[in-house]
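For reference, the structures are reproduced in the following blocks.
What follows is chain A paired twice: with chain B in the first complex and chain C in the second.
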Partner chain A sequence: MSRNRLFPYPVLGDVCTMQVSEVRLDGVPLTVDMASDRNKMVALHHTERQGWEVARLAVRVHAPLSDLEAGPWQDVTCVAILSERRTNARTVTRLRREPDGSWAGAVLLERSRHLKRADLSAHLVATVEGVQGRMIGATQASWTVDLQASSADQPNTVEIVVVDFADVAYPHLNGYKTDPWMVDATGDEPTVYLNSRFDGLTKLLDSGERAARENLSAQIAADAWTALFNAAVYATDMSEEGRPEWPEGWRGSVMQKLLPDIFPELSPEDGLLELVSRRVDGEGGGELQSALMHAVTRQAAVPRRLGGFIRATNRKEGS
Partner chain B sequence: MTAGSQTPYLLGLLSERDATRYLTTPVLQGVERMPRLALDKACTPLDDESRWEAGPVRELIDEAMERFDGEKTTQADAWLAPRLHAMMRMNRREAADSRRWNFLALRLAPDYVLWRNSPKATKRNPVPQVNRAHFVGPYHKQTFSRLWWAAELFRNGPDYGPVEVACGNQESFNTVLRLEIIYHQATAQTMIKLMQEGAVRKGRPLNGLAKAINSAGSTLLFDVLAPDPPWDGRAHDMWVKDAASAFVQYDALPEGPDDGSVTDRDVDALLPLFRELFATADIRGEKPAESE
Partner chain C sequence: MDTESFGDWLGRQLRRQGMSQAELATQINVTRAAVSAWVTNRAEPQMNKIQLIESVLGLSSGSVVSRQEPGTSAEALTWYHRPAHDDGGREFGNAAAFAFDSDLSVLAREATQNSMDERLENDEPVRVRHILDEIEGERLYDFLEALRWNEIEPHVDAAALADNKVGRILADGLKGLRQTGRLLLLRIDDYNAAGLTGPDYDDGRFAAVTRRQLESRKQGEGAGGSYGLGKATFWATSRLGFVLINSTLSEPHQGRTANRMFGRLELPWHRAVGGEWSGPAWFGEPDPERGNVTRSWWGDDETAERLLLKRDGSAPGTSFLIIGAHDPSGDADDLESMHEALVKGLASSFWAAMVAPSQQRPMLEASVVARRNGVVVIPEERIDPDVHEPTRSRALRAFLEGRTVSEPTTRDDVVQVSVPLQVPPLKSAGKAPAVTHDAVLLLAQDDTTPRRPSRLVCMRSSRMVVMDRGVPDLPIGVDPFQAVLLAGEAVGVDAPGAKEAEQFLRTAEPPEHNDWKRTDDLVTSYARGAASSIRNFRAAMLEEVRRALRPSEQQNGDGPASLTGLLDLGGSRSQGGGLRYPVVDDVEGNIDADGAWHVRAEVRLPAKDDAWLLTPVLRFATRSGPKPEARWAQLVPESHCELTAEGALLFAAGARKAAFSGISDVSSHPVAARMAIAEIDLQHVKESAE
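This part shows the complex of A and B:
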């Protein structure tokens, strides 16, 4: 139990855990590899059931019971919240109390209200000091329900597409057909294209010697970070109060990740302000690029390299 | 400017990548036209369903420009939002595809984007130009998607009345639409109630109210005080299928999908709390109540 600035009443904290025990698509149960407790992920893309309408997720939430009973909370209830920023959709499901003290219920995900990734979390709500509806606790980590992933074992992510850059089906790549890779930082999801007609590139990445392989993926990662960051800079805007606003989706995630290395002496918010005012004034662009190179090199040099890049851009939307 | 033969038969999709290529500075300044033929090659038409017919949407947009010609163009929002929503019948999954909105702004009605958002000069660009985000941008900024989403999130089931109220205040788009409080129907309708009562009529009070509700929402779950009805997907589907026979009138307000609405009781459950939040809200440019 703690009391702090954000919560002017006693709270339990983010100490709950949630399991998704079963997933059904239009009543048909999915195989076990479609839900992973370790990755906190549910994959809903099923090639044989493309036209499904409703996914039903059986969830169970555990909270530390002795702490809960010792606290000053009344009418404690537990709700599961399923939301996706992209579709502006949110579903709140009240869970029922089980004899063992946990909460359980079924969360329904309507396909026509979701597009890519929904976030699933649980919250404990109680009456505290006479005030109804107070949030007193939540899940430590939320689950991701991915409508486009076909397995929960490999959280997929920034799309990496291997394609022949001369292929007429990809007109936007035709101009780059002698390049080894291209980063597309437009749209809702960034994509890294690898050129299959570039001699030995994919072979090196798949089965090349370790040092060479890591070096190459670090280079691709650095390019990708730079492209995504620059695209994100263009997406920042000032609010009417003159405060810069974090861009949405992956653009915001990329900025949050790189700004601490670009302006190490500033908080992320002040870093963003600095960035936007430099852009508006048209000053300090050269220096900024040097700082960006430094930040990108740091990011690309982390052990998992491209893997780290992939995961970092896959942060939950809106967070 | 009329619909004429330049209007395609069907609405389509235009990727951000292709859209950005044609949003050159002269286009944003309104001195050059969008290269229509090149754009047509980059667009993918939607399925041949009556809800995706481009003609009626183009006519609706023309009507908006005619009706609000010579007035403040922001006034067109409250008229156009419910009608655009009732004409382009789709679910949120479909509406979340921003390529749809890029098509409307670049291919179907770039003239409307320029008319609605008159070009402005900035320090950086002394020659006035329209902000790129009005053509290709987040759902709460892009000229057409912000109208559709405002209608979707402020309507109370089939009733578009609240949409007219919300869209009469630009702060609904600038602030409310981008806060997560809007996902709770009862919260949205209670805000509308306060706007109708007159206390929250201008932009700054609404901005203050929305921010106060948002910060209260970090410790209070409004859903427990006023639970939203479950979404009725079937009723929504029926309304979408009805697109062929439904005629969107210019004078009377259309009817939205009957997919779940909140009652006066839900609004009453939140109203005292919201009034209190508003009374103590920090409103820009206004001194606290006591010192007046």
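This part shows the complex of A and C:
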């Protein structure tokens, strides 16, 4: 557990590991690539099974048994917790003890209670110094159960869509049909649109020379991060206590990614506070824009990729 | 049991005792012709004559009926040294022993491969037992006496003078024995195997192992070995070039099965005890029919015991005792590391042969034990494939039990796909068509710790690991896995093309049996295209691994890879690459009788020329939403910081560490301290423009 935490009783810490070994949608198993141990992610979107109601996740939790046995805890149990902030859903499933000392069980995810992305973690609970039901340990890293992802390999990235900007199916792009790309930071899922009618753009990105391809990608990514960040700033609110609250979903992720480079000497919490107070105070945004540009440039790897492009160009001219 | 004919038995007894037919005839008062008729099986004696024969030959009553004879006692044994060739030719080593780099895992591999090839056709496993024993003192003395060490010592000494690899190894072995007074023995037993059957000199298992070089008797289609090199590793593992053998036969020879014993010493050409010697020498019973040559003898239990070769029970099989055992590679030089090398070698080559479907016995059971002077120092370890190769064993067992799947739905599922192998016709078969064989490829997720590298191992019917390969160019982000390829009769004896593929792949193995590639034998035996067929097979198996591991579909058209990598929203940057702002590094605290937190916090600070102004905040952790804050009743700076009038802490410029303590104000607690987790943060204080 974080080093700044205080426990009024002895705890084991964030030392558990959790595995999702099987996922079933309405009883039918999903292929194993829909759950990735590496990414700690389960993807539940399956084109052929859109109408599912219950996902069943088989989980197993391991804790360091020798430490557990040596400690002053009684009636140790393990529960899996499935929660989603968006819907305020929280499901606690008690796991059973296996002969090898691990805990296992099936967590049921009811689709009607979730919207996008649920968090799955586990807690060890025990009776400590006569008090029942105290949390004494938890998983090091929680799993993400993504209802809209179709693969567990690419967790949480901005969607990239190649379309003809003149296509009537995308009326919001029709006004920009001469632009090479456009970032849509309005909805639940931010999207980078690449214009297929922009001659040579997708070809360059897919199969162009490496240095050119990477340099162009960095430019697009820098535009995307800037747009996403600005959208996220507007979505950040103050709580009643006067502390800023992290925006939900991708907006929060964008903040977490960029704030450390925008305010390098502030903790993320302080950085968020600083950002919101500058916006509220109406303090000059110029300084912030420079800091944002720096953060975005780093995030999009512009220096490295532009450098590579310049070196490649020089080599070509030299030869 | 096939009993020997009376005539053959009687003839042998007379030869053993050096008694002529005429002498016997005189002693039992019959004509010489009568004895001759018995020996040539034209007639059998009457009961009263049989009793006389037994008494004249010094045998116990009933010996004739059971065709028994006394075991040869140690006193009757002797050494036969092959004289040097008359043409002056000299051999300075056994070429077979130099054919491949030897070490203990190679020995374990070759010996066990031989044992498996000789496994009896029943449902029992062949049991292989490795016993390391370091002997000294009286036990060593008695052992050397039993094998007539004084008769061979001058030969070994002379051979050790040779200034070459073999000579140096011998010199080293002698030096070790004389300086330490200890001798390391490695005994390799197999049970439920054929044993060394057949005559002493003519074709058979016995002669192949003890008298011939480079003869492979592996006619079986499924045999692992095929070069006849394996036995050379026994002698290569002995520093003295000395191996003793005791075999229990599966088919009687001379009417007997138990304790067929023999010894062979493998020396280079040398000059000793007044003669020139070709090198090899055999320890056994003198064969009066062949001059001074020795032959195998039927040992009594006492001799077997003295030669440390007494076998457990009556199950057929062979025990090889390697005298002066060492690791030819020099990697393992004591009992413990040799034990480990044997266990490792057996496990990595034969784990698959030790895996059985539930309720069935495996093909092979193997164990290793180490002793000093007969006292166990490392208890017998039966090699458990699930311990040494858990993931691969799981994969193979799933296949044997028919539980594999084509699309995995749990992490425990084993995926089975097929890899085609085109077997071209044999040249001798004329214009026959090529046969297609589908090898089985098994893939299992590897969840074991510590992580092993993801690899592909290949085998055929003997289930000995032939190839162990890495899989290059895997899709990014693939979880660790293990892959097992079963080819030929490992797929099933009746699988299409299994027989042809088995033979084809065996031909494609080099002497080490550790690869499938273009061998000379392959291109001479098979029609055109054999080499490319092997090449294609090697490439296809890797391609199938990659294909099976590739994510099933890419429906969302992820966009160009160079761009997606830059747009990852997951994870936040930790304070990696140097501390950028002060953090609470460690806290400790307790709750007093009033319910207030008494805490002490240590702070780590990044190097900076200015001072840091920060407010310590005590918060109560909540599941979600803002965390309620408590006020401080008291805040005490301890090191490298001071308290400001506003209740913040000013951390000294340049300091890297600081500490403070505090007591919370109970009246500001949202919940009883005892019931909640708390945390301490440092909040940046915005310096107001003064």
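Basically, the second predicted complex is superposed on the first by the 291 of 319 C-alpha atoms of A that agree within 3 Å, B and C clash if a C-alpha of one lies under 4 Å from a C-alpha of the other, contacts with A are read in each partner's own complex, and residues count from 1 in each chain.
In this text, a contact is a pair of C-beta atoms (placed from the backbone, for glycine too) under 8 Å apart; a residue touches a chain by one contact, two chains touch by 3 or more.
As the structure is a prediction and not an experimental result, all values here were calculated from the model.
> Which holds for A:R38: it touches chain B only (first), chain C only (second), both, or neither?
second
> Examine A:R197 and indicate which partner it touches, taking first as chain B and second as chain C; both and neither are also allowed.
Neither: A:R197 stays clear of chain B and chain C.
> For A:D184, select first, second, both or neither according to whether it touches chain B, chain C, the two together, or no partner.
After superposing on A, A:D184 lies in contact with chain B but is clear of chain C.
> If you stack the two complexes on chain A, which partner ends up touching A:F7: first (chain B), second (chain C), both, or neither?
Touch status of A:F7: both partners.
> Given the touch rule stated above, what does A:Q299 touch, chain B (first), chain C (second), both, or neither?
A:Q299: touches chain C, not chain B.
> For the overlaid complexes, name the partner, chain B or chain C, with more touching residues on chain A.
C
> Touching A:P268, do we find chain B (first), chain C (second), both, or neither?
second
> Per the contact definition in the header, classify A:E53: touching chain B only (first), chain C only (second), both, or neither.
first
> Using the superposition described at the top, list the residues of chain A that contact chain B and also contact chain C.
Common to the two interfaces on chain A: residues 6-9, 131, 135, 240-241.
> Quick check on the complex: what are the chain B residues that touch chain A?
15-18, 20, 91-98, 123-124, 133, 138-139, 149, 152-153, 174, 180, 182-184, 218-225, 227-228, 231, 233, 236-237, 284
> For chain C, which residues are in contact with chain A within the complex?
My answer: residues 407-413, 445, 447, 477, 479, 551-560, 562-564, 566-570, 572-573, 580-581, 583-589, 591, 597, 599, 601, 606, 608, 621, 624-626, 629, 673-684, 686.
> Note which residues of chain A are touching chain C in the complex, please.
On the chain A side, the touching residues are 2-9, 19, 21-24, 29-33, 35-39, 47, 58, 85, 131, 135, 150-151, 153-162, 192, 194, 202, 205-206, 213-214, 217-218, 220-221, 224-225, 239-241, 243, 245, 250, 253-254, 256-257, 260-261, 264-270, 273-274, 277, 299-301.
> Can you list the chain A residues touching chain B in their complex?
Of all residues in chain A, those touching chain B are 6-9, 53-54, 77, 79, 83, 86-92, 94, 110-115, 123, 125, 131-135, 172, 184, 186-188, 237, 240-241, 248, 280, 282, 318.
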